[in-house]
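Okay, so here's the structure we're looking at.
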Amino acid sequence: MKSYRKELWFNTSKRVEFINITREVEQAVFESGVKEGLCLVNAMHITASVFINDDEPGLHQDYKEWLESLAPHKPLSRYKHNLTGEDNGDAHLKRQVMGREVVVAITEGRLDFGPWEQIFYGEFDGQRPKRVLIKIIGE
Amino acid sequence: MKSYRKELWFNTSKRVEFINITREVEQAVFESGVKEGLCLVNAMHITASVFINDDEPGLHQDYKEWLESLAPHKPLSRYKHNLTGEDNGDAHLKRQVMGREVVVAITEGRLDFGPWEQIFYGEFDGQRPKRVLIKIIGE
Amino acid sequence: MKSYRKELWFNTSKRVEFINITREVEQAVFESGVKEGLCLVNAMHITASVFINDDEPGLHQDYKEWLESLAPHKPLSRYKHNLTGEDNGDAHLKRQVMGREVVVAITEGRLDFGPWEQIFYGEFDGQRPKRVLIKIIGE
């Protein structure tokens, strides 16, 4: 069994931002040499997500507005978590809706994807350095 | 290490529909010959889910009504994604709540499940051919 | 390839409760002898979650209030599932938001975590014996 590990770093210019990381994950699969296996991609921070969906700007705007309606950023006093001095209570909730991680099959050395699947880093409390972990196992 | 891959195809008669695929996944585990390992089951389309819950019709109706209240299908103008000519903006949101994938342990050649766990394909934009991927690794 | 399986049992004193299980999962990784691999941790019951987030009491209170607003426990008549004699319709919905499972990378014999990641058992219909499954594969 082979295993491979890689980190991706991000420092977004906005508080909430989605970044397509499909090519970086494909590159990691290539580097791993794994032909058949599983690829885990997870946010290493608890106010960010990794998710799979469409690379369509209108949809991304829909996600941002919808998540803001489900868990508004303000008023900050809405969240007990913000009593710790943080202002990211909402980000911890948004991340649960969008998910921490994805697991993707690797088949014949490639991400085994449907026609529109793309992997995104979802940042909900950005403007600071944060990481994604890629872990690949297989043969 | 063994690996095994199988696709399931669906073409639902309704726009929103849940289908129990537990037996099909168990069959794939049997075909794989894997006794100890992991089984990934994921929607290959971005307006569908794979999730694990109870096979109880009342609960499924509850899920459908709840998801409709969180992300209504209409008015279509509610979603910027629908400006692309699609009418499935809501389906992309519903799928995030229910999830893209499940990972299930395989122990002694069987899905290692609690008493009520069943695997479902969750369709939110149906009436067209769509796929689920099963990927099994182990020994 | 090695594999390892362990169950954790819970019987919470409250209906809704979050329990930090990070040490128990780390212990299982140690027992497995796996140095490089994947660790699946999933609720074996369909009204409970396993999720990764911060071990901060204010945040946990925020989660509980937010989930209650998204899927209120009462009135029980709100959920068709409760017509079966159950009173846990809400718990099946809450569990979908928080998720059934997490998959964590194992690197150099340890859970490969970011700075604040902790694993929680999320109970939404407690006061009865329930289980979490840990399944580890790797080398």
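First chain written, first letter: the chains are A, B and C, and each begins at residue 1.
Note that in this section a contact is a pair of C-beta atoms (placed from the backbone, for glycine too) under 8 Å apart; a residue touches a chain by one contact, two chains touch by 3 or more.
This is a predicted model, so every value here is computed, not measured.
Under the stated contact rule, the graph of chain-to-chain touches is complete, every pair of chains being in contact.
The angle of the rotation superposing subunit A on subunit C, based on CA atoms and rounded to the nearest 5, is 120 degrees. Between subunit B and subunit C the centroid-to-centroid distance comes to 20 Å (mean Cα coordinates, whole Å). Among the residues of subunit C, those in touch with two or more other chains are 1, 38, 70, 97, 99, 103, 137. Per the touch definition, subunit B reaches subunit C in the complex via residues 1, 36-38, 51-54, 56-59, 61-63, 66, 70, 97-99, 102-105, 107, 112-117, 137-139. Listed in rising order, the residues of subunit B touching subunit A in the complex are 1, 3, 5, 38, 40, 42-46, 70-71, 79-84, 89, 92-93, 95-97, 99-101, 103, 131, 133, 135, 137.
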